[in-house]
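In the two complexes below, subunit A is the common chain; its partner is subunit B in one and subunit C in the other.
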Partner chain A sequence: MSDASLKAPSLLPRLPRLARPAVRADTPEASRARTGVLFTLPAIVLMLVILIVPILMAGVLSFTDYSLGRAGFDWVGVQNYEHLLSRSAYRSMFVATLTYVFVVVPASVGLGLGAALLISSLRVGGDFYKTIYFLPVMAALLAMAIVWEFALHPTLGIVNSTLAAGCDIGWLRGLLTGAWLGGDPAASWYGQGCADGFPLWLGDRDYAIWTLCFIGIWQAFGFNMVLYLAGLTGIPRELYHAAEMDGAKSGWERFRLVTWPKLGPTTVFVVTITSIRSFQVFDQVEALTSGGPMKSTYVMMYAIYEKAIQQNLIGIGAAITMVFLGFVLLMTLIQRHLVERRVHYS
Partner chain B sequence: MARLHLKDIRKSFGETRVLTGVSLDIADGEFVSLVGPSGCGKSTLLRIIAGLETQDSGRFEIDEQRVDGVRAADRNLSMVFQSYALYPHLSVGENIAVPLNMRQLNALQRLPVIGPFLPGARGRRRAIHAQVARAAEMLDITHLLGRKPGQLSGGQRQRVAVGRALVREPAAFLLDEPLSNLDAKLRVHMRAEIAQLHRWLGATFIYVTHDQVEAMTMSDRIAVMLDGELLQVGAPSEVYERPADIRVAEFIGSPKINILPAATAADGSIACLGTETRMAVRGAEVRASQLGVRPEGLHLSREPADFTGEILHLENLGPELYVQLRLQGCDAPATLRADAALLPQLAVGQSVHLSFRRDRALAFDNDGKAVETRLLDRTPQTTPASGIKPEQGIAPDLGEERRAAHV
Partner chain C sequence: MKRLLSTAALALCISAPAQATEIDVAYAYSSLFDPTFEEIMQDFTEAHPDITVNFRTTYEQYEDGTNTVLREAVSGDLPDVTLQGLNRQAILVDRGIARSLEPFIEQESDFQKDGYHEAMLDLSTFDGEVYGLPFAVSTPIGYYNMDILNEAGVEEIPETWDGIVEVCQKINANTDHEAIFWYWNITGNWFLQSLLWSQGEPTIADGRFNFDNEAGLKSLQTMEKIFDGCEMKNYSNADARKSFSSGQIGMYFTSTSSVGFVDSNKTGDWTFRTAPFQGIDGPPEALPAGGNAAMLVSDSEDPEVLQAAWTFVKFITSGQGAAAVARTTGYIPPNKAANEEILVDFYEENPNKETAVKQLPLLSEWFAYPGDNGLAITQTIEDHMESILVGDVEDMEALQQQMVDEVNEMLPEPEGS
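Up next is the complex of A and B:
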């Protein structure tokens, strides 16, 4: 009796420990979990191989002076990042990139929204405008950049020749020079252009980045317009009717009360996508300016291409890539925050 | 509060004629239901009243003032939408305040950041706040004022929508199927609440619904619409007991009225399914070709009576029993409402005798218009017309059971 009661406690903890793994492995939950892991394994492996590992490698390489073809490399610490902060070429790179992003994103989002609102208010012809505004999105930007190069050619281009033609028409010249406002015609931008020739749109450091921004807006806003059109169709008409019954008489009031809040999720998406694409601008820079003149259009993607591919300086290229990824990650985090906190109501 | 006057309102969408000349007068403080099946034009009519849609022709007056060209925002009507149409980014309190903000603050005072600091804005905002609080209290949603519509249940959203409508004391309330998104239990509850709200406010209510029960239980008057036409406007009991048109008779009442083929002899007497009904039409030219008998107007009988039929199906609803029958000589099945206590005595396939209450039967002519009838013999019907006598049936026992249940 007493033996048995003494032995029992020492046996008890051992028995379950033996039994438990077998029981656990056979539960339907466990086998389902194993199957689940098995199913996601290809995706996880692929993600590791083509996403995570390359990023980690770029991160590692950004601390080296590695270049392709060399047998080894030396650790250089944060030297590459130091260069990014200290050298004027990279300061130009940040200025050009951020200028491009902060001009193209608001302008193309605003124009896209405006075009979508106008098109959705049309009874007929909406499809026509949709097609026209969407054409730049469908066209290959590299090909379009060449067309722009012709159009913006300083002497042969249609832009400058049109502007120059206006100089000979008295009233038009008066209008564009601002003479009717009482200003000095010769001192105005148009007046100077008529006298000294119109700018080299892509060759002048004061104009090149703005010209690229213009092309970027031209190319991007059609896409934003389509996204906004989709967003607009999701707004129930009853909400507009409710706003009307509540006394929102002007279009602006209805926009503020119904359209803009309901487009919140679309706007977050559009702004994020446009920002990331603007950070990635490359085609028109490569085709039109090659980062010049005087590094005024030296955007990040072009810098990566120039350093890592053309000059085979993988280390500095990787460092720029890491900074670039940081920007994109920041955009994504902001978007997630907004999506979860602010713009989804129901 | 207001009287509304609609005269010959017509509306077409392309080729489809949605409203074909609707005229309706609504008295001050009246609760009128527009009822009809889907697609009958009742919502379009309501939206024309609201000003969200323009009629092709006809005139609409509020308190003798023609408002045809006046836009919705200026008509001083408020509307509760089927989907509630709450602004999802605004809290409940802000939602209810919107109609007041729009009317009592100017464009600058409504601006988000600087608006509250402009002269005069503070006092008005405080007044609006008080009005919102009062409306919320009336609807018992004070505890929800800070929440967003997305966090509310259907019934709560419904209340907020009503609150937004009543906060500014409009000339009339327009309600477009406000209960159709709620579950059955909540619908019954909100039905009573809206009727009570109408009594409190004493305002004019126009209520659109496809649910005849809502129309019957809440309204002072029902306007039955079908195919863009107002078929009958009247008190619920009048529409139920004396429908002007066979379509009204068929639409109002659940289960549906039984329509039996009838024939009128030269002397005006009506025969139905081979039985003399001892009813006759009034007037010489009038011919009744159909007889409408409500399910509660048909009774089971022990002895051979007006009709015979075969039981097709029995539906026990608890307090009462619906018996589906095929009457001899009539293809369409008929429905009869009986005491559930009769259930043990009935079986599917059983052949039964039926009588009907002639004083409740409705006669219609070929076009479906109601025909006035008179009873030929003035002798009171052998009561009860339902053949199964209480002492023979189970009714008394049921009575005892019910009493027991109450104790």
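Up next is the complex of A and C:
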């Protein structure tokens, strides 16, 4: 045993000693603190190595023009961030990402809650619906994206061929074109589709992002449903009985006064996790639209992938990553804030 | 799954005899080339039982292939042979990753006789040295559903884009089929480069974007004419290819590489024909070569491994190996001997695959944009082409100027200025 190896661990306990100078080195408290630090050390090292250091590196790279495979790089200051603010492609990126998040989060949280309430009120068949709604969550999204690609094919896909089939049925066409309301059938959405073909769901910039949102909701709400179902089982029945005795007769009042407040913590969690997952949307975009048409589905994750992985431009890719981390951090801070304000009555 | 299975099948084919030399190989587009390599490996194992070939995970497309090799060069895990897009070879030569093939070519006594001829080797020659042997070559061609054309009252396939637009209008007026899909966003701005080459202009000249001229403007105007005049919809290529195969689109313009796909996925009873690519005022003066070349990127110093890798490269690009390319894909083997001796009967029976062979004399360079921003430039140009397609831009001269400015700003400064 050399001196060095004996000395090395003794460097560490200085941290708690600095923090609490009153405690003397040989007291049991100090020794416990020392052991505590030693126990957390592996976790701290791991966190540094696989999380903090890479983030710091990405932060440093975002100020350079590093390109993969090149020996060196030049410092470019905040130029990458400037491009993020000034170039139209990145404006489209923020628009696409925020559209996706602000559509998918409320819709999938709302549908998840609705489905959970309906299923929990069922006496039979609850498991059946749970399975059906949860299936899209379990399926690999990339594989599902291929199914969607087939379904949304402009002419051969089931969506447009079903819509087109309706054109030949007189009464259905009249109904869908709004002719029964006295409208002009040719001017309606359905009438135009019958005449010129139905939309390219993924190839038309007026539809592509909404189509992806739809797929995102379809994929996410089953997960939210399960979380809400778990939350619902945690509400004591007595509360409902008490509310009823106090005069809350209608289902809506019971929901407003008991269910919704008691689901507060679940809602905070569900909204946060859905927001973060929506910011991270990638699979559908890569498989279905590649960010197009006209950058209308150019979400942040895809932009990072396109710049840093496909085009080897690590600098700008790192800058988008930092902005992305900023968004996610913001979401997490809001969640912490809400949790600390105790949204739940307990 | 399909890729996994075929890789497994390949691995089974190549049961190694004792003390075989092992080489690693990687290629792109598994859906196109898996059957090709299956066929080649049967012959190769027979001819060279002492060489074991390990196939790595296939690259998704050429850009992925180049990026993978660049990463592997950093981590010291290069394969011995890689198949790279013809326009992506330069960067591997520049970065010193690819090995010159000259020392190996010198050993071969009858290299010319094996069917390698000058024009093809030019595509892979840098500073006077050959770095790659082209493996599969494609040119852009037109695919036609003759039943739809006849229904529209068209008998002859026109030779210019103006003629194609007239055909479109007849199809739109007389039938209820889609008229056209022109694969404008094919990898590496290949179609824009085709329009430029068809007027005899290279896309890159002296390190600058050679677009600030009459040919550049005409290319944009031609695209606008095709998109607007044909009322072309913004299909994805995968969707368009499915629609064409099921007989719903009249004309489909893409690389010859999809002929195999259409042949095997064609549904319905209609006549499928291919014809040479159109030009602006007459037949094209030149066309960019697509496809890929086999390059030696081995970091091994073992002469046996290098010799084995060279044997493999030579095998797949000549003789029966090259013929397998034509038989299993729509690509053409860039090998005179294979085309003129082994495949004569094949082309008589498959005239749709011969269209590209007829275009061989036009074969010219498919340019990659130099510098770190090379791939980003490809995307920028694609974005501008899309703005024509969706009708965002009316003024082609302004668009031309914008493209020239943006691309030249992203290109590295030419040396000596």
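As a convention for this text, the second predicted complex is superposed on the first by the 322 of 346 C-alpha atoms of A that agree within 3 Å, B and C clash if a C-alpha of one lies under 4 Å from a C-alpha of the other, contacts with A are read in each partner's own complex, and residues count from 1 in each chain.
One rule holds in what follows: a residue touches a chain if its C-beta (ideal position, glycine included) is under 8 Å from a C-beta of that chain, and two chains touch if they have at least 3 such contacts.
Computed from a prediction, not measured in an experiment: that's the story for all the values here.
Which of subunit B and subunit C touches more residues of subunit A: that partner is C.
Contact with subunit C, but none with subunit B, is seen for A:Asp204 once the two complexes are overlaid on the shared chain.
In the overlay built on the shared chain, the residue A:Pro236 is in contact with subunit B alone; subunit C does not reach it. By the document's definition of touching, of the two partners only subunit B reaches A:Leu257; subunit C does not. Of the two partner chains placed around the shared chain by superposition, subunit B is the only one that A:Asp246 touches, whereas subunit C remains out of contact.
When both complexes are aligned on chain A by C-alpha atoms, no subunit A residue touches subunit B in the first and subunit C in the second.
Across the complex, subunit B meets subunit A through its residues 47, 50-52, 71-74, 77-79, 81-83, 85-90, 98-99, 102-103, 148-150, 164.
Residues of subunit A touching subunit B in their complex: 236, 238-239, 241-249, 253, 257-258, 261-262, 264, 345-346. The part of subunit A that touches subunit C in the complex is made up of residues 65, 67-70, 89, 149, 153-156, 197, 200, 202-205, 292-295, 306-307, 309-313. Within the complex formed with subunit A, the residues of subunit C that make contact are 63-64, 67, 70-71, 73-74, 95, 178, 233-236, 238-239, 242-243, 246, 248, 372-373, 375-376, 379, 383, 386-387, 390, 392.
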